[in-house]
Amino acid sequence: MANYQIPSWVIFSIFAVLASQYFSGSHSASILNSIAIAALLAGSLRFVMLIGELNFAIAAFVGIGAYSAGVATTMLDISFFLAILTSGVAASLISMVFGSITLRSGGPYFLLIGFAFTEAMRIVYSKTDVLGQTSGMVGIFPPIEFDDWLSLFVIIICLGLLFLMYVIEKSQFGTIFKSIRDNSDVTRTVGINVLYWKVVCFAIASFCAGIAGALQAFVNNVISPGDFGYLLAVFALAYVKVGGESSIAGSILGAIFLVVLSEFALALGAGEHIFYGAAIVIAVLFMREGIVGLVSSTISWITKTRASKEERV
Amino acid sequence: MNSEQTPLLSGRQLERRFGGLLAVSELDIDLYPGEILGLIGPNGAGKSTTFNLLSGFYPPTGGELYVMGERCTGKSPTKISRKGLVRTFQHGSLMPSMSVRDNILLGTMHQLSGRRRIERIARTEETAEMLGLSAFLEEVAGVLPHGLQRLVSIGIAFASRPKILCLDEPLTGLNHTEASSALHVFERIRGEFGCSILLVEHNMKAVMKICDRMVVLHHGKPIAAGRAEDIQSNEEVISIYLGRLDDE
Amino acid sequence: MELVFQLLITTLQISAVYILFSLGLTLIFGVMQIVNFAHGHYFAISALVVVYLMPWLVEAGFPASAAYILSGLIGIAAAVLVGLATYQFGFRHFQRDMVGSFILSVGFVLLFDGLFLESFGGASRSVPSIVEGTVSVFGAAITGQRLLLCFAAILTAFALYLVLMKSKLGSALRAVSIDQEAAMLQGVPYNKIAFSGFLLAAGLAGIAGALIAPVSIVTPAIGADYIVKGFIAVIIGGLGSIPGAVIGALFVAFVEAFGGYYYGASTATLAIFFLVIAFLLFKPKGLFGNG
Amino acid sequence: MNNKDTLEVKNLSAQYGLVPAIDNISLSVKKGSVTTLIGANGAGKSTVIKAICGLVKPSAGTVELFGETVTGLSPDQMVTRGLAVVPEGRRLFGSMTVLENLELGAYARNDETEIKEDLTRILDLFPDLKDRLAEPAKSFSGGQQQMIAVARALMSAPRILLLDEPTVGLSPVFVDRIAKIIRDISSRGVDILLVEQNVQVALSISDYGYVLENGRVSLNDTAENLVKDEGVQAAYLGG
C-alpha cells in the first residue's frame, strides 16, 4: 500500500504551528504567511507538472480566487470560510472551461496561452467597475476573532491542501497523471480518457491556486490587478525548481528558502527581480534536482565515502 | 475456419490517405474469437497504418470498422479500447519513469474502475506473474533491459483483459530464449483467457509457428491470406519478400 | 475612408514590428526547439539604448537623423550582445528541451527586468522627433516620422522574409527546423546554424526595438507586451512556421489597430486573447503547425 | 594509399535507444563497386548506415573513409569528406520546393558554376523532376520522392553514396528505375553501399553482398554466389 510518510508530515506540521505561535510579531507573521502561500502555489504549479504541463495560467487563477474572496466578503457578506471555499470553486470551474480547450493542444501552446490568459485577466480586473478597476479592492478583512489566529489558520489550510495534493499524487489518480506525462498514447490505449484526466488534474491545482489567492487577499486586506501578473507564476516556478521538482517537499523547501533569503536580500538593497531571476538561472544551470537533489546526493556521497573508508579499514 | 462465427474485429474496405499518398486501401480484415492472426508484409507495406486504423489512432478516409460487432468508424482510441481492443506500440510502449507495478496497474484502471484497489493490485500481480515480471515489479520500467520492457508493454495491454490484443512487433530485439518465452505467453493469453491476438511481426519463424492465419499486405493492400503453409508456398508472397525484377 | 486608411497604415506599421518579432521567435523555436521568453528583452534593450542615447547625442550637437541612426545601430548591437550572452551561457545547453529552456528564459526575464530597472530607472522616455512635418496620403494626415519608420519596418520585414526564403542561410535554417538530422546529412553544420539563427533572431528583435522607440513610450518593461503578442502571433500561425508567423502578426496587428481605435486598447488585447482561444478550439496546433 | 578501400568498417558496434544494437560489424566497399547489405526488417541494417554516417555514435569499432579514420564525426563533416546518404524514409524537406531540396544537397559546396552544371546533369537523370522544380517536395508520389532524395544526395558531388532502403514501398516500375539509376551512378565513378530488403534487386545490381541477421553479419560473398545461396531465403521467410 502507499506510504504517505505520515510521520514526516506530522512533525513538519507541528514545527510550522509552533513557528506560527513563536513568531507572532507582525513582520515575522507576514513572512510566515508568505511562505505558506508560496508553498501552496508551488505545490499547485508542480501538481500540473505531473501531467507534463507547465501551468502559467496559475497567476490568473490566484487572481480569480482573490477577487472572488474580495467580492464575497465586501459585497455579498458571505462568511469567511464560505468565501474561501467559493474562491477555490470559482477558480476551479473557470479552469475546467479554459483547460478543456487549451489542454487539447498542450505543450508550448498551453504554456503560452496560459501566460496570455494571465495578462487578459488582469485587463478584465482593471476594466471592471465592481472590482475597483486599476486601484483594486480594499477592506478584505477576516473576522475579528481571527486576528490572533490568522497565521495559524493560513498555515493549516496551506499544509492541508499540500497534503491533499500529496495524497492524490500517491494514489492511483497520481499514477494516471504521471502516465499521461510519460506516454499519453499508451494511456489512451487502456481506455483512459486523457483529456478528461488532464482537466481533472488542472482543476484540482486551480482549486488550490484559488484558495491561495483568497488567503492572500485576507492576509493583505487589499488586492489590485498588479498583484496577479505573470511574475507570480515565475516566482512559483522558482520555488519548484530551486527546491527540486521531484517531490512536494522540494516545493515547500524552495518556498521557505527563497522567501526567507529574499527578505535578507531585499534588506541589503538588491532588487526582487534580480534575486529571483538569478535564483532560477542558477537552479536551472547548476542544480537541476534542486535543494532536495543536493541533499540526497550529499547523503549518498557521505554514505559512500563512509562505506569505502570502512572497506579500506 | 470459423466462417459461421461473427468476427470480433472487422475492417471493410478500409482506406487511409495522407495527402496524395494512399497508405492503405481496399483492406478487408476479420479477426475471429480465439484466433491469432498475423499481419505481415515488407517494410512500408502499410502495417503500422493498418494498426493505427484498427485502434482508432487514425480515422479512416474510407471504409468501415467494427469492433465487437459495433460500428466504430472514426471513434477515438479511448472508445475503441473500452470496447475491448487494446494495442501496443512498436517503440517505447510503456511509461519509462514509473515502476513496473504502476505501469501494469495503469492497464487495470479503466477496466476495474469502481472496484476496490485490492482487486486492481491482485490483477496487476497476476499479470506480472504470467509474464514472468514478478521479480521486477518495483523496478523503474525505463531502465530495464529491452526484452523485459517489451514484456512490460504487453503487461500493460493485457492487464485490461482485452478481448482483442493487437501487438505491434512484440519480438523485435528479443533474443532466442526471450522470443520463445514471449510466444509461450501469447499462447497462454489466447488459451487461458480466450483473447484473440492480432500480430504484426517480422520474425517470420515465429509468425509461421504461432499464427492460425495470416494476411499479407503489399503497397497498402492485402494480397494474400491463409495458413502458414499456404503463405510460405505462395509465389507472389515469396517474390514480394525477396523482390523481383521485371524480366530483362 | 480617411480613417480606414489611417488605421490600415497603423496596422501595417504594427504588423511589420510584430513580424520582425514573431519571425525571430518562430525561427529559434523551429531550429532549436526552445521557447525563449527573454526575446522581449533583446527588443527592450535596443529601444532603451535608443531613447537614452539619442537625446544625449542630439544635445551633443548631432543632427537628429544621424543621432537616431547611430543610437539605433548601437541598440541593435546591444541586443545581439545580450542574445549572444544568453545563448552562450544558457540556451546552448537547452536545445530540444522546451520546458527547461523556457524556465531558464523566465529566469533571464526576471534578471534583465531587474537590471534594466536598476540601470534605466522606471520612468518612461521618448525621443526628439527625427523628421518634422506631416504628410497627406490619400487624404489621411500622417506624421512624416511615422511614415518613415513604417516604411523602414516593412522593408526590414520584407528583407528578412527574402533572406529566409532565398538565401543559403535561410534555406539551411528552414531545413533544420523541418528535420535536423536530414539537414545534417546534406552537410548543414547544425551548431553553427543554430548559433547564427539565434543571433539573427536577437538582431531582428533589436531592429524592431530601434524602430518602435521613436513612436512609442519606452519603459524597461516594454518587452513584456510585445513578447505576449508576438507569441500569440506565432501560436496562431503554428509554432515553427514562417508564413504562419507573418499571418499571425498581421492578424494581431489588425485587431489591435482597428479594435483599439473603436473599443480601446485593452479591449482589443482582450479580444486578441479570446480569439486565439476560440481559434485553438478548431486548430489546436495553429494554422500551419505540425504536431 | 591508392589501393585503399573506399570505405572500411571494422568491428563496429552501436547502441541505438531501445532498437537492437549492431554487434561487431566489419565490411568494406571496394573502389568502383556496388556493395549491398541485405537482411530482414529489424536486423540492424539502418543502424549500420547511421553509425557510419555519424547519426549514431558507435560504441566500438572504427570507420575509415578513403584511408582516413572518421569514426564519430558528425554527418555534416562526413559530407565534406565525400560521403552522401539517402536516408531511410527519404526525409525530404516536404514544404520546400524540389529545387530548394536539391540546392541544400550542395550546401557544403562553394563552387557555384560547377553546382549549376551538376544540377543540369542530375536533372537529366531524373527527367520527371525537371518541369516541377518549383513545387513542394511533399506533393510528389512516393517513387518520385525517392528520386528527389537520390538527386539531393548526388548534389553534394559524393565519392561514395549510402542508400538506405531506396525501394521501400515502391511499385515495381519505380523499383526497376531506381535499380537502373543506381547502376548508372556507379558507372559514373561513385562507389555505393546499398542497404536493401529487396534481395533480388539488391543482388542483381551489386558486386558484393553482406547478409545481416540479428545485428551481425551472417554471410558475405560475391553477389553471384549469394543469389544461389539457400541461407538467404531462410533469413527472410523463416523457412
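A, B, C and D are the chain letters, set down in written order, and residue numbers restart from 1 in every chain.
Note that in this section a residue touches a chain if its C-beta (ideal position, glycine included) is under 8 Å from a C-beta of that chain, and two chains touch if they have at least 3 such contacts.
Keep in mind the model is a prediction, meaning the values are calculated, not measured.
S.K.: Tell me which chains count as touching both chain C and chain D.
M.R.: Chains that touch both chain C and chain D, as defined above, do not exist here.
S.K.: From the centre of chain C, which chain's CA centre is farthest?
M.R.: So the farthest one, by centre of C-alpha atoms, is B.
S.K.: Ranked by contacting C-beta pairs, which pair of chains comes out on top?
M.R.: Top-ranked chain pair by contacting C-beta pairs: A-C.
S.K.: If you average the CA atoms of chain B and of chain D, how far apart do the two points sit, in angstrom?
M.R.: Using C-alpha averages as centres, the distance is 32 Å.
S.K.: Let me have the rounded angstrom distance from the C-alpha centre of chain B over to the C-alpha centre of chain C, please.
M.R.: Roughly 49 Å separates the two chain centres.
S.K.: Using mean CA coordinates as chain centres, what's the chain A-chain D distance in Å?
M.R.: Going by mean C-alpha positions, chain A sits 54 Å from chain D.
S.K.: Quick one: which residues in chain B touch 2 or more of the other chains?
M.R.: 92, in rising order.
S.K.: Could you tell me which shape the graph of touching chains takes: line, ring, star, complete or other?
M.R.: Ring.
S.K.: Could you list each pair of chains that touch one another?
M.R.: So, checking each combination of chains, I get A-B, A-C, B-D, C-D as the touching pairs.
S.K.: Quick check on the complex: what are the chain D residues that touch chain C?
M.R.: 53-55, 74-76, 79-80, 84-85, 87, 91-96, 100, 103-105, 107-109, 152, 156
S.K.: Which chain D residues qualify as touching chain B in the complex?
M.R.: Result: residues 17-20, 40-42, 138-142, 165, 167-169, 171-172, 175-176, 179, 196-202, 204, 232-233, 236-239 of chain D touch chain B.
S.K.: Could you list, by residue number, the parts of chain B that touch chain A in their complex?
M.R.: 55, 57, 76-78, 81-82, 86-89, 92-98, 102-103, 105-107, 109-111, 117, 120, 153, 156-157, 159-160
S.K.: Sort out for me which residues of chain C touch chain D in the complex.
M.R.: Going through chain C, the ones touching chain D are 168, 171-172, 174-175, 178-179, 181-190.
S.K.: For the complex, give me every residue of chain C touching chain A.
M.R.: 29, 35, 89-90, 93, 98-100, 102-104, 106-115, 117-118, 224, 228, 231-232, 234-235, 239, 266-267, 269-270, 273-274, 276-277, 280-281, 284-286
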